[in-house]
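Below are the structure tokens for one structure; questions will follow.
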Amino acid sequence: MHSRLRLELIIERMAAPRACKLLEAAGLTGYTVLPAISGFGGETRWSRDTDMSASSDMVVVISIGAEAQVHAALNQLENLLGSHIGVLSVGEVQVLRPGRF
Amino acid sequence: MHSRLRLELIIERMAAPRACKLLEAAGLTGYTVLPAISGFGGETRWSRDTDMSASSDMVVVISIGAEAQVHAALNQLENLLGSHIGVLSVGEVQVLRPGRF
Amino acid sequence: MHSRLRLELIIERMAAPRACKLLEAAGLTGYTVLPAISGFGGETRWSRDTDMSASSDMVVVISIGAEAQVHAALNQLENLLGSHIGVLSVGEVQVLRPGRF
Amino acid sequence: MDIALGTLLSPIVLFFLLGLVVALLRSQMTIPEAFAKGLAIYLMMSIGLKGGVAISKGDLGWDAGFVMISAIALSFLLPVIAYALLRTTTRLSEVDAAATAAHYGSISIVTFVAAGQATAAAGLETSGYLVAVAALMEVPAIISALIIAQRGAAQPGSVAGSDRGELAREVLLNASVVVLLGSLLIGWVTGEAGMKTVAPFFVEPFQGVLCLFLLDMGLSAGRGLRNGWRQLGPGTIAFGVYMPLVSASLAAGVAALNEMGPGDAALLITLAASASYIAVPAAMRLALPKAKPSIYLTLSLGITFPFNLIVGLPLYIWLANAISAGAA
Amino acid sequence: MDIALGTLLSPIVLFFLLGLVVALLRSQMTIPEAFAKGLAIYLMMSIGLKGGVAISKGDLGWDAGFVMISAIALSFLLPVIAYALLRTTTRLSEVDAAATAAHYGSISIVTFVAAGQATAAAGLETSGYLVAVAALMEVPAIISALIIAQRGAAQPGSVAGSDRGELAREVLLNASVVVLLGSLLIGWVTGEAGMKTVAPFFVEPFQGVLCLFLLDMGLSAGRGLRNGWRQLGPGTIAFGVYMPLVSASLAAGVAALNEMGPGDAALLITLAASASYIAVPAAMRLALPKAKPSIYLTLSLGITFPFNLIVGLPLYIWLANAISAGAA
Amino acid sequence: MDIALGTLLSPIVLFFLLGLVVALLRSQMTIPEAFAKGLAIYLMMSIGLKGGVAISKGDLGWDAGFVMISAIALSFLLPVIAYALLRTTTRLSEVDAAATAAHYGSISIVTFVAAGQATAAAGLETSGYLVAVAALMEVPAIISALIIAQRGAAQPGSVAGSDRGELAREVLLNASVVVLLGSLLIGWVTGEAGMKTVAPFFVEPFQGVLCLFLLDMGLSAGRGLRNGWRQLGPGTIAFGVYMPLVSASLAAGVAALNEMGPGDAALLITLAASASYIAVPAAMRLALPKAKPSIYLTLSLGITFPFNLIVGLPLYIWLANAISAGAA
């Protein structure tokens, strides 16, 4: 097993494509986007059922990558995300096929 | 980068709102709820397609927080979740903007 | 709190049932499947909106388990997943009720 | 029997069978959950509206009130019988038996709709207020079963410490109660005139939509059976078949006492004989989380629903005709 | 007032109220998002097609062009007024005020549809090109509000560094603009003959679909209110009620100047009075991410939409009748 | 050509073009997947039922049997030709060529439906059993392509070690085969009488639903093209245009041999010329996971489908008229 990083970005659905482009630019070899159905942050709760515009929908972007690429992505995401958008976290994971990442 | 905890709660959709209230009460600054489409546990498999009532649907609640708040939440969740509900796990992650959590 | 492993498998929706059978066979006590809505890997981007056949849809399978069972699952998944399918990663987490896993 | 064959060869039954067979053959085909749930709401709005308009044309007399009260009593009573039968004839635990009993006291709205089609095909007249009866029979069985569970050793241990208020809201304001009663009221208020504007959506396409919905129910029932049949012993499976007959007999008695017409009697009998697979499972998950959904769902949707749809309906219509002939 | 009662007791208003009440009582019932979104696209295709066919039958004269230009100007102007009112009468921050102002300059297509039903019920004739007017009024208010926000200290700080091209595409090609104008064009090109083939789907069931959709809107509005009302001060709530009246008065002036018939005038007044809750929130989330959605969404969907539906429509029809009587 | 213009200006083609243009302009608008998939099932139920009722009225003769057998043979044969063409004229790898070939041997049910509309508009009669032909042509091409792939150096290396039974089930019991054949049977059994009850849902609104569905297909095709066109060389794109013509010619021969009427011939030709974008991609993903979906999906949905819809249909009708005139 080989050590890699797992980047997890919880972000507004509308802002996600832009963040994803950055991940690609940073050299990450892949990512996967999951839909969220509700959440809480700051003072407000959102949920699909209260917002016909889906404008407060969030998605979760997961990307497994090598340290260099994940750190490159972090730097760029830091600029990109204003103080108002997205929750970014990085954890350590083990993978089987290191060549992929 | 700063160390924080990532709480992940896999829980019955109907019980989720109650668990989320506890997270808020424990002082966590945010959480996000993801839908699941199928699963296995104990002896039974569930999936959206076999259950018109959606009564066995699960969701996954993710919350990134500081140690103190996550531990506060854990204590309360432990009481709340009977022996029959939910799978709770906590992992370590790194975050960029420590002030948020 | 007790240490356990969190296996995360990002896999083609159509191949997921087979992978899940392996997890059960390896003795894992449960897993949960989440839907994905888009992603990027190799040279191609996919998203629900561009593929009426849903043939490139991915799902994310999460399973919390003890080291022995997770390693048993890893061995079998390694054979199963060709070079073309799935992204597999394992991280460490803490759980409350160790008897469950 | 002409009615039996007519029922069996109706498009809705055939589409249900198609879904059932396909799922048992392990096809992966699905109808998206969001789409099916949307259709379910459509179906409930439609029968609510039609019932309301029917009420607006006639007048609700004392007899309707008596039927409603009897129906509520029936919904309270049936779980007690079901629980006793389950505990004596099967190995189900107390909590599983209580949860299952709740399903058989409550009702299945799609079975009710299919009965509406079958009675109409059989040339029987029905009254609009039976829709209200259907809505009123959904909930009492849940309360009854919870009392049973609490009396037994089976401590409910409600989900995530949810307080009673939450449970009550969940149960009393569940989608089918709300949509049925709400649409009934709207149909009543707007009457024939309001109905005319929405009939091309809520009336004419109704039977076709029902076909699509029953295809989905067939798929669900088949998949449920495939996954869950191992958990059902022969005693439990038998219960899924004879319990509807027990309920039907009791309801026939109620119908005779109230001197209901054959159409209305057939609907009441069908309601009693049918078992819930949407509202009650959701409530049980909150209130009795230790009960196994794979038991009560498989039984209700996989055994009792097909039985009622194919064998039960013609029987209940025949029974209703018999008692009202006796009454006359 | 006869119209007022007729409006209040129409099935669509009653289903909206049903959803609203149910959500305020904290029922968990939902209509799946995918289903409701599908219905929304259906509704827009339908009114687009009907508008297009109407245009294909008559001829678009200069007067239609003038109305369109006035409507665009109105959509640009209204946010300026709304912003000034919000900044002087409420405590909303600059960016929240600008974002909210954008909603009131833009339009609500469902309010427009309901106005179409109400004018038809009141026996007034309307022209097809008003659908184009609706589409044209969606966007200018957004531009106007962004200019206001940029002028103020409130730096937009767009979402995720999105460039202007992306924002422009998002705004100009949003679903309702695209589907409305596209269907209008298709209806225009294929005319009555093309319409005949699709009428059993796009025309006859329309009012029924609207009922189902308004049930969902009631649920959303009720939930939004329950979650968000704490964030709205009394000044903001008042704004949600008087701003439509301000917009309606201005639009009435425009209608009088253009000598519009009473039906068309009622539609234009309704468009001005209505506030967006789909296209504009999405655009604001990209362009002004610091603005709080819980404020502008709650106000637009929870306060202004119900106000317009229940109180506003009869008022606007009365107003339209008054000005065209004055003109004649 | 009158038919060509009639086709081009039909609402369904126009809505497809609307979706295509909007997606190419990079609008974010979408029709929810669950809603579109529900509509797809509706469309298949509808044509299945109509086909079954048509069969129940006439009688299935030997000639229908011969056509079915020829059609199955055609579906087996076409991938062989397609594979040879792709390997000689493009740089696609063996596995990509085999996977793509499978799509062109199989069929597109929406193209078939559009052909049904166009033949009806052209005043040609068609037989119900062609729906069965459509269902029968879905699968053989898949088997044929898998044999080709296995013969070549391209080891299938099936997904996740899935055994053949699983693949067979996936392929033979896929949603469109199941729903088409099942509804056909149900329509046959219930006949005109059963159809009458469901016609307001399955017959009258059909064309309108098709418009909505084709708007979605336009969006998908446009997005597919935008994301995937880089992966298609000029040779591959050319294949997407001339392969339908090759298939159409062969099918025309088959139609002539079987002495089919012009309407039925047009449908068979269209089936042969159309390429799958739902059933086959799903099967290829299981059976040939190394093949790139971005190639076969973009080609089939982005190039061949629009070509058939806009240019192909009038051509195939003309061809069918020509051969049956020759035959007569």
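Read from first to last, the chains carry the letters A, B, C, D, E and F; within each, the first residue is number 1.
Basically, contacts are C-beta pairs under 8 Å (C-beta built on N, C-alpha and C of every residue); 3 or more make two chains touch, one makes a residue touch a chain.
Keep in mind that what you see is a predicted model, and the values were worked out from it rather than measured.
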_Each chain counted as touching subunit D and subunit E at once_ = F
*Comparison of C-F and A-C by number of C-beta pairs in contact, larger one*: C-F
*Measure off the straight-line distance from the CA centroid of subunit C to the CA centroid of subunit E, and report it in whole Å.*
45
_Rounded Å distance between subunit B and subunit E, as computed from the means of their C-alpha atoms_ = 38
_Residue list for subunit A, restricted to those that touch at least two other chains_ = 34-35, 91-92
_Give me the residue numbers in subunit F that touch at least two other chains, ranges are fine._
30, 32-36, 38, 170, 200, 205
*Looking at the whole structure, which two-chain pairs count as touching?*
A-B, A-C, A-E, B-C, B-D, C-F, D-E, D-F, E-F
*Spell out the residues on subunit F that touch subunit C in their complex, using ranges where they run on.*
30, 33, 36, 40, 157, 159-162, 166, 170, 216-217, 219-220, 223-224, 227-228, 231, 277-282, 284-286, 289-290, 292-294, 297, 301
*Which of the residues in subunit F come into contact with subunit E in the complex?*
9-11, 14-15, 18, 22, 25-36, 38, 200, 204-209, 211-212, 215
*Note which residues of subunit B are touching subunit D in the complex, please.*
11-12, 14-15, 18-19, 43-56, 79-82, 84-86
*Which part of subunit B faces subunit A closely enough to touch in the complex?*
1, 4, 6, 20, 23-24, 29-35, 59, 62, 64, 91-97, 100
*Which residues of subunit F touch subunit D in the complex?*
32-35, 37-38, 41-42, 45, 49, 169-170, 173-175, 178-179, 182-183, 186, 189-190, 194, 197-202, 205
